[in-house]
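What follows is a pair of complexes built around chain A, which joins chain B in one and chain C in the other.
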Partner chain A sequence: MANPVISGAVDITDVVCPVTFVKVKVALEELEDGQVLSVRLNDGEPVQNIPRSLKEEGQRILKLTDNGDQTYTLLVRKAGD
Partner chain B sequence: MAFTNDQLERYSRHILLQEVGVKGQKKLQDAKVLIIGAGGLGSPCSLYLAAAGVGTIGIADADEVDLSNLQRQIVHTTPDLGKAKVLSAKETMQAVNPDVRVNPYRTFVAANNILDLIADYDFVIDATDNFPAKFLINDACVLAAKPFSHAGIIRFQGQLMTYVPGQDAPCYRCVFQDPPPPDAVPTCRQAGIIGAMAGVIGSLQALEAVKYITGAGQLLTGHLLTYDALKMAFRKIKIPRRKTCAVCGEHPSILRPFDYEQACCDLKPPEGRP
Partner chain C sequence: MAIDYKALKNGGFMRQIQKNHFSLRLKVVGGNLTASQLRAIAEISETYGDGHVHLTSRQGVEIPFVRLQDVEAVKTALEVGGVHTGVCGPRVRTVTACQGSAVCPSGCIDTYPLAVEISDRYFGRELPHKFKFGVTGCANNCLKAEENDVGIKGGYTVDWRAEACTLCGVCVKACRAGAITQTDSAIALDRAKCNHCGRCAKACPFDAWAAEPGYLLSFGGTFGNLIARGEEILPILRAKEDVFRAADAALAFFDQYGRPGERFRLSIEREGWAAFRQYMHQHTSKS
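For the complex of A and B:
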């Protein structure tokens, strides 16, 4: 699969729950439906919870990559309301 | 327009809700709500709306804070005794949330000022304690096509309903038609009121305002909710619109707001009205 075009990026490694997910929601808000957001997040609680919370809201998780420095990069496609 | 990091943190528990989210929080920030009455119902309502980040809150009341108010009017504190209620409420709201703009109106709401007062607001809260004011607010909101939340409390009982213009749902006058005759219903000064009742029902009014602004869920239109605290029982009663209603019916006889000749315990219909 070709890499998707990334339309926005947010780094949530400097904040803790629940501001992590809040910042992801704010970043998604700025995209159009169907665009892709790249999220840099920490290992542990964020990587366990953020993808699940996004799925619960109907967003589509495309890819989760281990960056090898205890952070991950998550690609999520924005769904319509 | 963008929220600061502090605002994101302050409103995080709202933004996390799918029914509110970033969009809903922005709607709250842009919204204007008028609370008529800074007493028992207005206290929790004003606090929750300020905490929620409603951008502009108007509050109207002519009274000063009295010692007998403090048992239930939690927006006022002991050091506020003697202070205008609208100023006391403004200070507390802005202490809770400095983002909020508060417009205090130190006045009795009457037929000659109500349309001007409600004109700038998106939603009106009837947090008054007497029938003339409740009918006045209803009539003005129906005539000006403003959504509003009605509530009333006495002793261990409370009731609530929401009116939104343009719906096939009743206004307050559809349900109650006219104020009760003099002394048929005691005022809370005579009858007493359990303090937390104001908290329950005033908080429900704040919830209705937040739901109206954000579009979340279903409003309490077409229904009257009653609460009996002694039995710990809520009842949601479906109520139809009344086609013969004097203000929202098919042939309305009330074409502008009017004052019932005051004294909540001495009610007479005004001249020129059947």
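For the complex of A and C:
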């Protein structure tokens, strides 16, 4: 898959559940439908749960990348309502 | 006339320490009651009880402080309100359930209809001792399946679909059993490690995991005087009729080998787990 254009970024490595998901939701709010958000998240619970929660919200996950420093970068495309 | 306390108890009227007062156990399946049933219960509690109800440890409702002379009136009021009395004693008890896939995002099976079917089929059936069924929708096990004489847990059997996969890596992280590994070109599933939790399929953004719902059964759980975890002795069952075949067999085993007043677990242990396994395999394999 070609690398998508990233329109926004949020770092949730400094917060814990449920603020993690709230921060991602707020960041998505600021984007237009179809734009892509980059999320930096911690290994463990966040990387286990954030992608799934976003899928349940109807968002489109594009890619998850291991940054090699116990963090991951998740690309998510904002879906319309 | 002598009061038949045993008959009252079997019919859900539990004797209290207060003379001639009963805590009336109601029938609840899968923890669900309608608003109109709740209204009827509230009214009965205010009219015939002391205005409070007790929520039991197994999703039941009891109306305490019902007086002996009101038992018949209360039975009539329950009937009018569409509420039924529960049971006590050596028989199949309240069937419990979590909300399952009809409500919960984690659910792998539709728990409530299954609990209703189990209840319709077995509720109140006499056995050597009390017998509990519990249905939980997934590996999160909110309903604590293995505490029950027969526990039923929903799970997925998953298969990787290479053609849909983008190797995004979400499932590898979603899996808590460490059953999924990823290379540059493929995903590998270690079925020996897979616990059927379904998190891979639920998390996958591309539907690259085909998921078949099924039932994981545990037998011989008990969590009262004796605390012991029910054992999974059968592979995951795909069809509901197989669940009933297994439950029928478990109850038949208990009927045949259980001694009065002995819990299912103890009957299994006395006969031996090997014998129980063999019995279950014999009576659940399709000829």
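Keep this in mind: the second predicted complex is superposed on the first by the 81 of 81 C-alpha atoms of A that agree within 3 Å, B and C clash if a C-alpha of one lies under 4 Å from a C-alpha of the other, contacts with A are read in each partner's own complex, and residues count from 1 in each chain.
By definition in this document, a contact is a pair of C-beta atoms (placed from the backbone, for glycine too) under 8 Å apart; a residue touches a chain by one contact, two chains touch by 3 or more.
What you see is a predicted model; the values in this text were computed from it and never measured.
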Contacts of A:Phe21 with chain B and chain C, given as first, second, both or neither: first
Contacts of A:Glu57 with chain B and chain C, given as first, second, both or neither: first
Comparing the two partners chain B and chain C, which touches a greater set of residues in chain A: C
Partner chain in contact with A:Tyr72 - chain B first, chain C second, else both or neither: second
Contacts of A:Gln48 with chain B and chain C, given as first, second, both or neither: second
Touching partner for A:Glu29 - first (chain B), second (chain C), both, neither: first
Those residues of chain A which chain B touches in one complex and chain C touches in the other: 56
Interface residues, chain C side, partner chain A - complex: 105, 166, 168-170, 173-174, 176, 199, 202-205
Contacting residues of chain A [partner chain C, same complex]: 1, 43, 47-48, 51-52, 55-56, 60-66, 72
Sites on chain A touched by chain B in the complex: 18-19, 21-23, 25-26, 29, 56-57
Touching residues (chain side chain B, partner chain A) in the complex: 3, 5, 8-9, 12-13, 15-16, 18, 21-23
